[in-house]
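Listed after this line are the structures, all set down as structure tokens.
One chain, subunit A, appears in both complexes that follow, with subunit B as partner in the first and subunit C in the second.
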Partner chain A sequence: MSPPCFAALLALSAAAFAGIPFLAGDYAIGVALNLLMWIALTQSWVVLSAMTGYVSLGHAVFFGAGAYAMVLCFGSLPFWASVIVAGGATGLLALVVGYPCLRVRGPYFVILTFGLAELVKFVVINIEAALGQFGRLLFGGPGLAEIFYVVLALAAASAAITYSVRRSRFGAGLRAIRENEEAAETLGIDVARYKVLAFALSAVVPGMVGAAMVMRTTYFEPLDLFNPITSFTIVSIAIIGGGDDVPGPVYGAFFLVLLQEMLWANWPEIYMILLGALLVAFVLGVPDGIHGRIASWRRARG
Partner chain B sequence: MKKLLTAIAAALAGSIAAEAAEPVKIGFSESKTGLFAQAATSQYQSYNLWREQVNAAGGLDVAGTRRMVEFVSYDDQSNPGKAVQIYEKLITDDKVDLLLAPWGTSLHLAIAGVIERYKFPVVGNTAASVQLRKLKAGNIWFPTSLFPDRQSEVLAALLKDRGVSSAALVTNQLPYTQENKSFVVPALKKAGIELVLNEDYPPDVKDLTALLNKVKNAKPDAVLAYTYPADAVLYMKGAREIGLDQQTQVVLLGPQYDFFGKIFGPARNGILTMGHWTPARKDWPSARAFADAFKARWKTDPDFLDAPLAYVSAEILQQAVARAGLDKDRLRETVAGTTFATINGPVRFEGVMNVALPTMISQIQGGTQHIVWPPRERTAEAIAKPAWK
Partner chain C sequence: MADLLSGQLLIAALVLAGIYGLVALGLNLIYGTMRLLNVAHGEILMLGGYLAYWCFTLTGVGPIWSMFLALVLAGGFGAVVYRTLCRRVLRSARLIEQIEANSLLVLFGVSIILQNAIALSFTATARAYPYLDDIVRIGGFQVTADRLVVLGIGLALCFAVILFFRFSGTGLAIRALIEQPDAAHLVGVDVERMRTIAFALGFGIAGVAGCLISMLEQVSPFMGFPFTIAAFIVIILGGLGNIAGGLAGAAVLALIEVYGVALTSASMRSILIYGVFIAILVWRPQGLFGRRSVVR
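Take a look at the complex of A and B:
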């Protein structure tokens, strides 16, 4: 897809979403907000993990850290400014931890990111305990629509980032790392720098999303905001969506969020079982994800 | 004539059936999966017991009309964000007539914004934090009296009465225990009790033996273990193993639950804990009936904390609806301005708080839980904890 074409499609989709708060009730806005949140988180994950092959199982750390930044700024900065601060803070966090983390590969990296997320969670729990805080209430924050528009902007931004990284020299370098890191290095790619940059880039948007979403519940507790389920869900969506480009996370998020919503609303008693069975069936039947399946259909039709 | 009578009878039956077919829809979110899943079970059991009892008695009295009760509930995955979404759905999409509360402080705080926005009154239950007092009064109320500040004062008074002059405190880093710690430290000091050890441990701790050895070496008169249920088990096992033989041992969260009795049996006797309900109170006649009905329905004893609180919140709603019907404004006024008779004694709200129930300390004795402090509330004298067997 050419850049003008992509920009037009992105603008159209964003405009369609932007109309939702005017047309729908709070419940539908909430579902759409969830959808946008997962799109933004998974797009960011794709920049690092799908492009370089370094699978992060710890993206909840950026979501939680962003939320924590929001908590610390709450009351002293306006909402949007706190969201930006949160993005900067998580980007910095990724730069600091990325350098040592990205020296290990494969399953070791996966476990390391997971461990890192747990470590940061307990550091925050300790800080909060030392400060004498027991969960924080955030009253007087933005309304649902305001949060919705911020997350919409973040989802659009993350899609634009994935699109442009994938088509840049930088993105080509990242994919070269995925295919063969040694070969990439011999070709003159500064692999260490590329990886750390990709890590930081994939951390900024999740931090901002976390900052916005904590205002949705108006309550901060580290165990909730650093929940490893967030990391697992991101990876599930990426696998369901497939590929290392913009459409994958969008397909994956639509599929998982809408399916979950439908099952949850209609079969509250057994929806977890249904969801589990469907996910297993999906991974077995469509291993290259929705995006991969659509691409192969297109190829088959010439 | 006979035909006419039959027709009238049929018409009457039809109208009664039509009325009976219009149930009252009550919505809530349930923590079926996730962090709170195990602890939240008894809340769900109490809600369902209440619904079955009400329906068996001919339905819920809605300002004079009997209507069957029907639940609409969804799994919130112990996730506050999900709970917010569920309450939005219950109110705007399922259009429920009434709401019951979700489980735990964090979910109560999370839904406070939604119910405020829709002015939908909810009687809370399983939440106790001084932060709740910051909530705007009007659409949410809390029947519990286990607020950490008052609880700490009452506990300090009990310890002083038992001649305790030194104590060791170990605390889980989760919010509720931390909050209790922050209030009990000054309360002990004020009561002239020296704190010889004060340490925290992480929520996912796997072994407490090293910490408990430190406690043993500090030789305090009393041990205060500010636990959550999972680590309360570790405390009991560790304390028994190293022979921590203090006669005053407080275990904050854990001993109230039925599973705790199943693991430790008589070994939990003499443990002091938090709680303001016991089936042993003679002046709460329905307390024993509730315990028996719960046992008959679920083949397990109710815990002494969440199960009665959940039931109390349903009783309050039931009595308020009998007077006010389903109109939200009238319901809000009724909940705010009425004294309710519950299995936990009378309940009367001022602001968001129940002012009719004093704060109490309990103790496990003979496999059940008794209130042991303050003296005018107690169902049994506090005993010295027997040696571990």
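Take a look at the complex of A and C:
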């Protein structure tokens, strides 16, 4: 898809979503918000994990850290400014931990990111306990519509980031790292810097999304905001959607939100079992995901 | 400081070391023969714990007996998981690194399924049962009998596995597979069969470890993952395929955990475990490949 085409499609979709708060009730806004949140999170994940092959099973750490930054800013900064601060803080966090972490490869990187997210979760729990805080209530925050527009903007931005990285020199370098890191380095790609930059880039939007979404629940509880299920869901959406481009996360997120709407409220365990089974089935049977299936179906039709 | 020198902490560390050693043993076998990181390992342990709990609660059969059932059932489950899932990952992936990342995602999916299936069947409530909890005095130490039993069985099982790898034909073949996969294949080791056995044995040992842990701790659907992490730390410390090294690694981790918690507070336990885990991985970025060792 050419850049003008993509820009037009993105603007159209954003405009369509922007109309939802005027037309629909709170429940429908909530569902759309949920959809946008997963799109934004998974697009960001794709920039790091689908492009470089460094699969992160710990993106909840950025979501949670962003939420924590929001909590610490709450009351002293306006909502939108806190969201930006949260994005900067998580980007910085990724830069700091990125260099040592990205020397670790393959399955070790996967399990390292999971461990890192758990470590940060327990550190935050201990900090909160030391401060004498046990869950914080956040009163007087923004309304649902305001949060919705912020997350809509983040989803659009993350799609634009994925689109432009995918088609840039930087993106070509990242994909070269995925195919063969040694060869990429031999060709003069500054592998370490590329990986850390991709890591930081994939951390900023989740941090901002976390900051916005914590105001939705109006309650800060580290166990919820650093929940490993968030990381797991992002990976599942990306694998189910497939590919290293913009459409995959969108297909995956639609599919997942549909599943969530049907099952999460009444049968959370069955929802999780189904999600686990889908992850296994897609990795084994449909490694290129929904996006790959649609693409090859299109090719077959000419 | 006087508390730190007491026998109580030392025994707690020893028992924990025995458990970690046992859990890591199974993980080591699967990793060694297949280069597969079994992230569902802790969930197999959790299943073993539930089996022991229900056997004791429903029929009064103690974990000392139900652990044999756990060995067989978990072992069978391991063989099935290998034959149905893991072999397909090995076949379907394009790159070697992709095999490892993919198999990890598949096994992670399996662990999510198991956690939630158990939570659905038995609720998420933590469960425990009283078994052998009378206090025994040895010298100046006071210790509950269940801890001694766990320590004894754990060590006996580790010893049995060491003997198995030193003297039995199957054990030698698996060792050959860990050290030189291609050469083992060339001299006629049935790779598929040995991998299935290694998987079954690894899962079986995890099931037994679960039975033992259920004597000391509450069982809950989400108890498994910290044990998986602990087992990873142990095999990274001890070396791939190195069972004696694994026991030493288990002792180091148990000492750090028990004395670390005693010096700070119980809420620091997770931070300690994950902190050690991350420090070790960052310190040895090549992961477990770093050292080629021999099963002794």
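We adopt the following convention: the second predicted complex is superposed on the first by the 277 of 302 C-alpha atoms of A that agree within 3 Å, B and C clash if a C-alpha of one lies under 4 Å from a C-alpha of the other, contacts with A are read in each partner's own complex, and residues count from 1 in each chain.
Following the convention adopted for this analysis, contacts are C-beta pairs under 8 Å (C-beta built on N, C-alpha and C of every residue); 3 or more make two chains touch, one makes a residue touch a chain.
Treat the numbers as computed from the prediction; the structure is a model and nothing was measured.
Of the two partner chains placed by superposition, only subunit C is touched by A:I111; subunit B is not.
In the superposed model, A:A129 lies in contact with both subunit B and subunit C.
For subunit A, the partner touching the most residues, choosing from subunit B and subunit C, is C. By the touch criterion defined above, A:V235 reaches subunit C but does not reach subunit B.
When the two structures are aligned on the shared chain, A:R103 is found in touch with subunit C, with no touch to subunit B. Within the superposed three-chain model, A:L275 lies in touch with subunit C and out of touch with subunit B [touch as defined at top].
Legend: residue contacts after superposition of the two complexes on their common chain; A:V283 is shown touching subunit C, with no touch to subunit B. In the superposition on chain A, contact of A:D26 is made with subunit B only, not with subunit C.
On subunit A, the patch touched by subunit B and the patch touched by subunit C overlap at residues 122, 125-126, 129, 268, 272.
By the touch criterion given at the top, residues 32-35, 73-75, 77, 79-81, 83-85, 88-89, 92-93, 105-106, 109-110, 112-113, 129, 131, 134, 173-176, 178-179, 182, 200, 202-203 of subunit B touch subunit A in their complex. Of all residues in subunit C, only 37, 39, 85, 88-89, 92-93, 95, 97-98, 100-106, 108-113, 115-117, 119-120, 229, 232, 267-268, 270-271, 274-275, 277-278, 281-282, 285-288 touch subunit A in the complex they form.
The touching residues of subunit A, when paired with subunit B in their complex, are 25-27, 30-31, 34, 122, 125-126, 128-129, 132-135, 137, 139, 213, 216-219, 221, 223-224, 227, 229, 264-265, 268, 271-272. For subunit A in complex with subunit C, the touching residues are 53, 55, 57, 100-101, 103-108, 110-112, 115-116, 118-119, 122-123, 125-126, 129, 179, 232, 235, 239, 268-270, 272-273, 275-280, 283-284, 287.
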